[in-house]
Amino acid sequence: MSRLHESQDPDFRRLNSSLEFDRRLWRQDIAQSRAHVRMLAQRGVVQSADRDALLAGLDAVEQELSEDRFPFDAEDEDIHTAIERRVTEIAGTAGKRLHTARSRNDQVATDVAMYTRERARQARRLLSALMAALLARAEEHADWPLPGYTHLQRAQPVYLGHHLLAYFWMFARDRSRFAFAERQASRLPLGAGALAGVNFDTDRMAVARELGFEELVVNSIDAVSGRDFVLGYLSAAATCATHLSRLGAELVLWSSSEFGFCELPDAWSSGSSIMPQKKNPDAAELLRAKAPRIVAHLAALHGVLHGLPLAYNKDLQEDALPARAHERGG
Amino acid sequence: MSRLHESQDPDFRRLNSSLEFDRRLWRQDIAQSRAHVRMLAQRGVVQSADRDALLAGLDAVEQELSEDRFPFDAEDEDIHTAIERRVTEIAGTAGKRLHTARSRNDQVATDVAMYTRERARQARRLLSALMAALLARAEEHADWPLPGYTHLQRAQPVYLGHHLLAYFWMFARDRSRFAFAERQASRLPLGAGALAGVNFDTDRMAVARELGFEELVVNSIDAVSGRDFVLGYLSAAATCATHLSRLGAELVLWSSSEFGFCELPDAWSSGSSIMPQKKNPDAAELLRAKAPRIVAHLAALHGVLHGLPLAYNKDLQEDALPARAHERGG
Amino acid sequence: MSRLHESQDPDFRRLNSSLEFDRRLWRQDIAQSRAHVRMLAQRGVVQSADRDALLAGLDAVEQELSEDRFPFDAEDEDIHTAIERRVTEIAGTAGKRLHTARSRNDQVATDVAMYTRERARQARRLLSALMAALLARAEEHADWPLPGYTHLQRAQPVYLGHHLLAYFWMFARDRSRFAFAERQASRLPLGAGALAGVNFDTDRMAVARELGFEELVVNSIDAVSGRDFVLGYLSAAATCATHLSRLGAELVLWSSSEFGFCELPDAWSSGSSIMPQKKNPDAAELLRAKAPRIVAHLAALHGVLHGLPLAYNKDLQEDALPARAHERGG
Amino acid sequence: MSRLHESQDPDFRRLNSSLEFDRRLWRQDIAQSRAHVRMLAQRGVVQSADRDALLAGLDAVEQELSEDRFPFDAEDEDIHTAIERRVTEIAGTAGKRLHTARSRNDQVATDVAMYTRERARQARRLLSALMAALLARAEEHADWPLPGYTHLQRAQPVYLGHHLLAYFWMFARDRSRFAFAERQASRLPLGAGALAGVNFDTDRMAVARELGFEELVVNSIDAVSGRDFVLGYLSAAATCATHLSRLGAELVLWSSSEFGFCELPDAWSSGSSIMPQKKNPDAAELLRAKAPRIVAHLAALHGVLHGLPLAYNKDLQEDALPARAHERGG
């Protein structure tokens, strides 16, 4: 693959593998490869027989990954090379075409953009459901009196419905934040190659259309250097998580015996063997507790990008972790 | 002012004063008061004689503040009460009307929203100028060859113009981030009162129009509880600062004798008495160095809002510092 | 287990399970249980037959966990209840004694303290090895001239050995930071119960001695409320990671063709298929890239603890993540 | 001063001036200069007449600075050059000797170390006073029953004294954290010169003794490159601030009418004109609200140091801000 004659040290290989970070991108990577191969065939860069072999190979790999039986190899450096290796094992020499007119640098940027877009879209859907739930609860309690607080001191009476709608509006704004983040992630990096474009007469707009991107990243160096669209997503997520933490904190407060404004259902409480009278609002506490982690992911990615020279650097691998930890821990 | 009979402890008064934080809001506070007073007169809540006295008093106070000769008093708790006290000294009893149909809770939220909007607008202007400068430099160097780097290893040749345009596009996106932040700050909180609205037949849209707000914050509890529009501004500022840090870091690298890609003008370098051959890129280093501070301001405001019960809490005073430190230190 | 009559909602159970966070504590949990059981038998709280059954059960569970064949159950809320359940399945009713004179609140605090102590000790060992390596390299290059830089401008000549020893001293200080963190984690929380102590005549010092703690946490509320010893560990780790990031950044710089101060071995470089001349310093880039994540973990735990009322809250589950992500990603 | 022929651009000079950051170091800078001058005279590097002129000049400058009538000049780049310029104006050509065997790089590192040490010492003093106050309150309420909480649910009864002592122990640990930070800042950087030592036969230990440093920074590159002792101070401050935020949050909770566990004195409460029944716990809210800012300063300095090549870089100017903002805003 390069001028390096000596084989890699196992410790280096283990450190260098980004599979732990990018394995979760396999769906995006396969969808991207399909679009890429179809475009290459359309432009005559790849024969239609090779295209068909590649698409069949990608189907087989998708099946293996979705059934959790994909044979990862110790030499797989990342999800892109793992899939390419496996497609080549399945589809034969056609598999080598998968990397034509593409570098891992623009490939991973594209996967991450797709992933980010999908997460932003999902966040919007979940927020819509949450807003509907809040609206329903607010309507049910439209005229329930509640002390309104400032400084946690009773200030003026309000209605519970009115209080709940304060959250409705916060989440409405958060939804528009995720919509903005989604648009920021809707520019296709693919076609930038390693950093200077590719030597083939490709059709980037065709790929963009198939993958649902609205625009192209115009500048090839820009396309592989940054992850500001991930910062955008994490900014929206952090603000939303902070709003959720306030809701969680109020539910904890309200379910205390001193406030007694709500009683949690048994099905959503934990108990205590030593103190059988207790009904602990664990879910509300966790709602409160998650925000600092999301904010930290945002700060960490800023830290990774801080002062980083253009174009691609291995440091960018760290873009993936925040999203993943968010996904798994959240 | 309240049931508190004992006078405040001097230590408490000193701690509690937010003047250090909100003094910078005086322009917004006066503009807001003018719009508020005009609207109150329009609705018949305030007599036109009182309105005129108040407007004259506000003019006088503005003059004092802009000439840095406003007589602050040890008992002034914040910029709002300082201005109201002073207007009353100047305008007589009419001054008391300034607080009609308004609480410091919605008043400060409105000041901060105005301030944020103005800062976002200013950032967009500065980014446009920076983009124009980059474009001019890129055109001048459209065909200057430059090694393109990945992993800081020479990868493929590019043109310097192309490299500079990578930054052009980053800042273009940042400009749209500030535009989004500006829109998020374009909802008027005023009218929310302490948290439950006001007992006067006011015209919030008239105030919004005069102050350049596009919409109203619909929910009064929401209006005084949060500062997510500041988070939005700081998110945009943090991403932009991270981009600037990359530009600064490249200028430092390029002006090293090893890279030697650029030479700084004497007028923009610092020297050394011990090492007369040196030409230090201090400005580029500072461009690199500022980003972590902006990111930290963003994280700090998230921290302040984390788990905070509705509605207004004194903690929100801390919203001001990030913007101010940014302003002064930047 | 409590007054809750309705069974837990599966969604709640999934959210509420902290197994993902505390599974890694199994070694500490078993060691703690052994010491606890021995002490209880010593004090006559548990019969020696029960003690033996419990110790045998703990041995069996340890075997299962170390061979990755422990039968986790969907109802296991955390590692403590999972182990207790399994010991009871194996040891019969004696298993119920495992929870005597202990609450999950002091139990998890103890596990985390042990884990933190061990990580700090391991960090010291690794730093000693790194310092030895730096010293050896410095001696080999004691008289190799190197430009000394300020502002990345050549300033005064130094020796490479001298430059490498700058890092030696940074890591020496970091080692003393981990030693301090280790001492901070050397106070035993066990015995605090849920928050108010336990109703048995236990011998906390015996448990402390067996588990290698130097002191007891004196105040029971304090013992279950905080995780400042984790903050201490993460502070040391963050400073050390920032020092490592500087070393990584210099290696990246030095291996550029412009600086050319070092050449990476093939076995520790990655190549490029498109650009066969390249030798990428991925390991050095990752050394640089990890610091922001560690700093973010530190900030996140501060965020979780911010404003949290005493004593135990479910939020404290989030203490575990930083250490774990550090462990796995680092 | 250097080979730079063109004079500095006023914009550059304004950006480059670090006076806003290091002005607060004037006391340390003067004390350092006194010790430095005495040592130089002792070693015969400076004549005793020059020493006396310099010491008299430093006295005069100290007087001017302490009376806030020091004549700053637009060309003063930092506090060190400002003081040196002024001493030269007062003491004549002897003033030039002030910079002998010293660089601004080791000079500022020494000032910051002294400043950090003093702040850490002050924090320890304040914590001792706070611990004494908590102990006194705990003794007064040794047998006052209080519900003990977990998950903010009443769990087991405790005594108020016991609860207060939980904070006593947190602050005791914080005090030992500041003691550790103080020791970390007790190594003298002076003597490192710009980065490679100085060409005079100086006596670093004499300076260390006069300034109260326990040891020397051994490696000259290390001495001017880092600020990890500031990270150490900020780590201690962040943990302490997080503990204070918990105390503040509990006071807010306890002074709510729902909890009603304490009543704030009038002298330490703020009221409301609209809601005369209110007694707002502003001081407790601010105690809660400050922690995120301190944590952010710590994270920001980590960010500044991240990936920074040795030795001195202008970025290090940013070390000063956190301490200063902490000082003024706290």
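Observations, loosely collected:
Note that the chains take the letters A, B, C and D in the order they are written out, and that residue 1 is the start of every chain.
Here is the rule we use: a residue touches a chain if its C-beta (ideal position, glycine included) is under 8 Å from a C-beta of that chain, and two chains touch if they have at least 3 such contacts.
Predicted model, so just to flag it, every value in this text is computed and none were measured.
Each chain's centre was taken as the mean of its CA atoms, and the one lying most distant from chain B is C.
Looking at which of B-C and A-C shares more C-beta pairs in contact, the answer is the pair A-C.
A straight line joining the Cα centres of chain A and chain B is 30 Å long. Distance between chain centres (mean CA atoms), chain A to chain C: 27 Å. Averaging C-alpha coordinates per chain places the centre of chain B 40 Å away from that of chain C. Residues of chain C in contact with at least two other chains: 150-152, 155-156, 194, 253, 272, 275, 277-280, 282, 285, 288, 291-292, 295-296, 299, 302-303, 306-307, 313-314.
Chain B meets chain A in the complex at residues 105, 148-152, 155-158, 162-163, 165-170, 173-174, 176-177, 180, 184, 194-196, 217-222, 224-226, 228, 231-232, 235, 238-239, 242-243, 245-246, 248-250, 253, 288, 291-292, 295-296, 298-299, 302-303, 305-314. Within the complex, the chain D residues that touch chain A are 149-156, 252-253, 255-259, 272, 275, 277-282, 285, 299, 302-303, 306-307.
For chain D in complex with chain B, the residues that touch the partner chain are 1-9, 12, 15-16, 20, 77, 99, 103, 193-194, 265-280, 282-283, 285-286, 288-293, 295-297, 299-304, 306, 313-315, 317-318, 321, 325, 328-329.
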